[in-house]
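Scrolling down, you'll hit the structures one after another.
Each of the next two complexes has subunit A plus one other chain: subunit B in the first, subunit C in the second.
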Partner chain A sequence: MTTGCILQIALLLCFSITALSRSFNLLQFQQRSTNLECQRLMMKLSGTPESCLNNRTNFEVPKEIEQPRQFQKEDAVLVIHDMLLQIFEIFGKNLSHTGWNETIIENLRSELSDQIDRLKAILDENTEEENPTWENSTTMLWHLRNYYTRIVQYLNAKSYSSCAWTVVWTEIYRNFSFISTLTDYLQN
Partner chain B sequence: MKMVLSQNASAIRPLNLYPWVYISLVFGASLALPDKACTFKVALQNFQTIFSWELKNHSIVPTHYTLWYTIMSKYEDMKIVEDCTNITRLFCDLTGLWDNMPETYIPRVVGFKGNTVLVSCIDSVFLPMNMTLEPPDFEIVGSADHINVIVKFPSRAPKTIDVERLQHHFYLIIEQRSEEMVKKHKPRINGNITGDFIYVMDKLIPNTNYCVSIYFEPKNLGTITKSPLKCALLPGQEPESSESAKIGGIITAFLIATVFISSVVTLKRTGYLCLRLDLPSALNFSNRPTRIFLELPPLEAVDTVEVIYVSRKKKVWDYNYDESDSEEEATPTTSAGGYTRHGLILQPLTQASTSSPDSEESQFTDPDVDEPDLPEDEAEPLLVPGPRAEQSEPASGPCERRASPLQDPFSKKDSSATEGSEDRIIFNVNLNSVFVQALDDDGDVSPMLPEETVDLEDPSEMESSFLIAREDGMPPPFPSPSEECLGSEDASSEESDTSESDADIRDGYIMR
Partner chain C sequence: MHNWIELPGCQYITGTTCDFSSVKLSVFEKIQLRIRAEKGNRTSPWHEVGSFIPFRKAQIGPPKVHLKAEDKAIIVNISPPGTKDSLMWAMDILSFTYSVVIWKNSSSVDERTETVYPGGKIYKLSPETTYCLKVKARLRLHRKVGSYSPVYCVNTTVENKLPSPENIEVDVKDQSYVLKWDYTYENMTFQAQWLRAYFKKILGNHSDKWQQIPGCENVRATQCVFPQKVFSKGAYFLRVQASDGNKTSFWSEEKRLDTEMQTVILPPVISMKSVDNSLHIYIGAPRETENKSTSQHYPLIYEIIFWENTSNAERKILQKKTDFIVPNLQPLTVYCVKARAVIEDEKWNKSSVFSDILCEKTKPGNTSITWIIAGVCTALFSIPVAIYVVKGLLRCINYVFFPSCKPPPNIDQCFSEQSLKNLLLSASEEQTERCFIIENSYSLVTVEETSQVDEDHKQYSSQTSRDSGNYSNEDENSGSKTSRELLQQGLV
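Let's look at the complex of A and B:
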């Protein structure tokens, strides 16, 4: 009887670990697909950065995002989720001066929203577990929020002009490159 | 890429050329830009960032070029590339300058003819998307079961290549092709590399042709440029390796068997699998020879006897008690309502006569010839040929035979015997169809009840047969062979029960 229970518990643990690892692998695959699709959509938005050199500014990307070092996959999920959420909100701002195709913008936001939901589901599963690097993640998220706040403030300061959006567009495009790097940490 | 052509070149003295270009670069972006006259390309060749350009208007042929660049992530002035100033080639090595992959670079190329600016092109280059990742040079060395892939890094790199940083943005893929199978290897390169990088593809099949291609796979949008295939035919396997393979196979088989047995034992102990070793006795065949199933069922034992007919007949059962025995003897036929018993003396035949395996009939012989003085009790007839008693065998053969030889012996008494004298008749009888009383020394009579069958499919006929027998006092005539053959075992059993009510058992005889 005891042996049977131990065997069942072992099988349950094995299946749970396998399912969890499979969920992260699937999430990584989905995140890569989202990155490529978002970059593809952004390339359809016309922009001439070389004509807006005077509008350039330094948004000061957090160093831990620009040059990530040894991320835990749970932290990577948290950071990617927050970055996608901020990008989603930025592209919901005033785009009237850009002349960009609204359909492309909607598709971009839809793609972002779907992946945000997937990441949120993984975050909810891991909420109950204690994360030893949670304090570092909180600091990182604070830096990240400030970074995106600066972008929004820049747009406000430039009255959502076309060149301001072009500068932000190049910055957001960089963000997807950072997210691609962070996606590598989702692997088990 | 989007290019900007600034064809405001004019005859300007060389001393005033560079300040004018600088001013043009700084403020040119905000000006209305003419059509693009240049095509910019950036490629990663042997981990070196090579920026190249080409003029669309081939009529303009500058003698030398100067490269400037800036970035979009922060406000910076245009910077001149020292190694790419007044160069005659159409490319520039920007390794170490353009090493920030997620950056958007803004290059500007100015073409001069003498001191005159002929062309100035500006565009934006987003490295993760616009950089072409050209495959590095490599060599392969095939061995018995592995291939060494030597990836050649630039031997004289001006700066150490931060490959680990580059790997954040693309993978180094070593593609292995064997016939229709394609396998991708993603070697992880740690640290900076200045020499060759060797990657071993092991566990290959000997005597097989393998082709290898190397390329970089971008993690972001970008194009893949694969290198030409380099193939190597691995040498055949040596005998030693075959022996090792055999040993490995044996060990593998042993491990598989061990895992299987342990799994079965585990499952049995945990109750998931029930195996019974104590089989029921009905399923125990260990003490029984298998040939028992091959033996045919034993045939019905048939003994061949010689029956001697006794001329004296005795009325066995009669309702008329006034008649004397002498009358009975004088009248061989029985009176109505009684059976006549024939005294027969059984004598075993010779061995030769009994050797016939197909003999199911006995020979009846007149007892007066051999033993005329037998006492009455001893000469009691052993045979009372039943009228329907010969139906023990359902087969058609015996049925046909019974039609002629098994006649009432009385009918043959006066007629000439088939064999012997008048007092002696030899006939064949199936012992299964007659009552036989064995003559013992003690005078005990042990009747032997034959099997009786009747056609129950026609109950009226059966009943009429009994009625005829009662009226005539004689056994009813034999039914036709066809009727006899219709009998079955069930019918015979039922008829036996029925006949018992009509039969009178006296002195071991059954009278019907």
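Let's look at the complex of A and C:
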């Protein structure tokens, strides 16, 4: 057997072993569950006319979130935790002009809060040990927070109008698809 | 080239400090500052302060505290550090953890430190005592610890005639939750309320957010039952209050209920098949008794216990696959199996009850099937071998007893004389003998004619070599002719 043949067989074995050893852990399951539930609840919030979407602004999602490269599990937990935290805060702002059902908003925030708690428990464990990659991770965090600051500033500028909330709703719904991608990196 | 902007609140300052809080900048963006001194028209060169992210440099200030005393507890309403519109902690309000240090005013020795929620309560206090406390906020993730608030003191009230219910427990029974508590007195009515857990984390007085639990208003017993579907998936706080008609007690300690922790995992359904001396076990999904709206399919692993029916020695296997084989068992023995599902997580120790026990007898060891297969294989393999051997034998026999009489093909190289060749390599089947008399004296007498004779010979030989088909006839003719001529010439 030639070396080329042996190499191919070795590669095939490695791939199959990696594929088979992907353990589906509880955290990933819970995160996926939260993602689906939040998207479902968001769909239940009544929409406003399409004309509002003319005011769409590019909030400039950070590149690391939009097209994530290889993420470490700790970084994925940090980023998802912060994203859920910000979405929780945004839905706590002035919603009087939207006419959205309060119970649905409460359910949505409750779901976000529970998953935030679970992720926070893991983060607290990780911060116990000094992490040398903390600097890199926080740089990503600042970019993420700048992005959410832009969204909040937009809402402020538009006085929390119904149209502004429609635009933000679209952006937040898009956020959940980013979170779903990042959930894949919650592997052990 | 940077775009330097004038910093509002820091222009024409006479002191050495300035406050630029009014600037609406993003606290997560890197900023750079530069300062210079001016006197009249003269200015000093710029001194640049290294770039920094305001959030990273920021320190947590003291939180604001508002206290309300009960008889054996104090409600601590904490507002997060900073003002309502402060940008710095706007995104981290939910992440603050507050630790409270509380002591009796009389003796500062008796100190206690507790972590509380913003709308939290401190329990297990003595009535009619002055307590003092201070609070600090902490952002664990960003490794920031704030400074303590000023000390606040409050008096606990006179002990209430009616104590609050204690030891609240939540159990699950069928499709309902059972809320139980203890109470010292008889003949009381109780009511229970619930609150979504996240309200405790956000600031403000959320006492208006507590709602009645259906089925738990004015109950006489120290327990109440309500269906599970009252609470959708999530975390809640429950509290109970006693009443005797006129007066009410203070609310009990709040009990946290996490619906996810209460999920009941149904036991799996196993089926078995015995294959030779091993058992093939299939683990199936549990029987669905009712249509659950949120059917949770958690990542599960299965704990299988099996034992020989006669002995008590149990063997345990932990398996993730639902279809596997237990090998190397004793043949013709009855084995019994039971299994349960366990949630695959280190911290969460949740499992179902064991399934029904299933027993099966293993088959007798290495049956004829294997032998048949082995036999067929050997037969298939041995047939070509046998054929080859027989062929070889036949060849041998033919060689020994029935040899072929063909001379080797290149033997004609050994013979130069044509007569011998004709004699030995006769192509026809006829075995005819030719006899001639060749006289030796002929060669001495007729020496001068030999050349002629030789020529004739040569002619003859050339002729014979050409006409190899009618070889024997010509030979006969030519041979006899030659001999007659020789005789005639010899006699003359």
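The definition used in the following text is that the second predicted complex is superposed on the first by the 159 of 188 C-alpha atoms of A that agree within 3 Å, B and C clash if a C-alpha of one lies under 4 Å from a C-alpha of the other, contacts with A are read in each partner's own complex, and residues count from 1 in each chain.
Assume a contact is a pair of C-beta atoms (placed from the backbone, for glycine too) under 8 Å apart; a residue touches a chain by one contact, two chains touch by 3 or more.
Computed from a predicted model, the values in this text were never measured in an experiment.
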Three-chain arrangement built on subunit A, subunit B and subunit C clash or fit: fit
Partner chain(s) touched by A:Ser110 [first = subunit B, second = subunit C, both, neither]: second
Which of subunit B and subunit C A:Gln86 touches, first, second, both or neither: second
First (subunit B), second (subunit C), both or neither touched by A:Asp124: second
A:Arg145 touches, of subunit B and subunit C: first, second, both or neither? second
Subunit B versus subunit C as contact partner of A:Glu102, first or second or both or neither: neither
Subunit B versus subunit C as contact partner of A:Asp184, first or second or both or neither: first
Where subunit B and subunit C come nearest after superposition, their Cα distance in Å: 6
Doubly contacted residues of subunit A, that is, touched by subunit B and again by subunit C: none
Complex contact set, residues of subunit A against subunit C: 23-26, 29, 33, 37, 85-86, 88-89, 92, 106-107, 109-111, 113-114, 116-117, 120, 123-124, 127, 138, 141-143, 145-146, 148-149, 152
Residues of subunit A touching subunit B in the complex: 3-4, 7, 32, 35-36, 39-40, 43, 48-54, 56-59, 61, 66, 167, 170-171, 173-174, 176-178, 180-181, 183-184
In the complex, subunit B residues that touch subunit A: 2, 4, 26, 29-30, 33, 70, 72-76, 101-104, 106, 122-124, 126, 128-129, 168-169, 219-221, 266, 269-272
Complex contact set, residues of subunit C against subunit A: 26, 28-29, 53, 55-56, 90-95, 140-141, 143, 196-198, 201-202, 232-235, 260, 296, 298-299, 343-345, 348
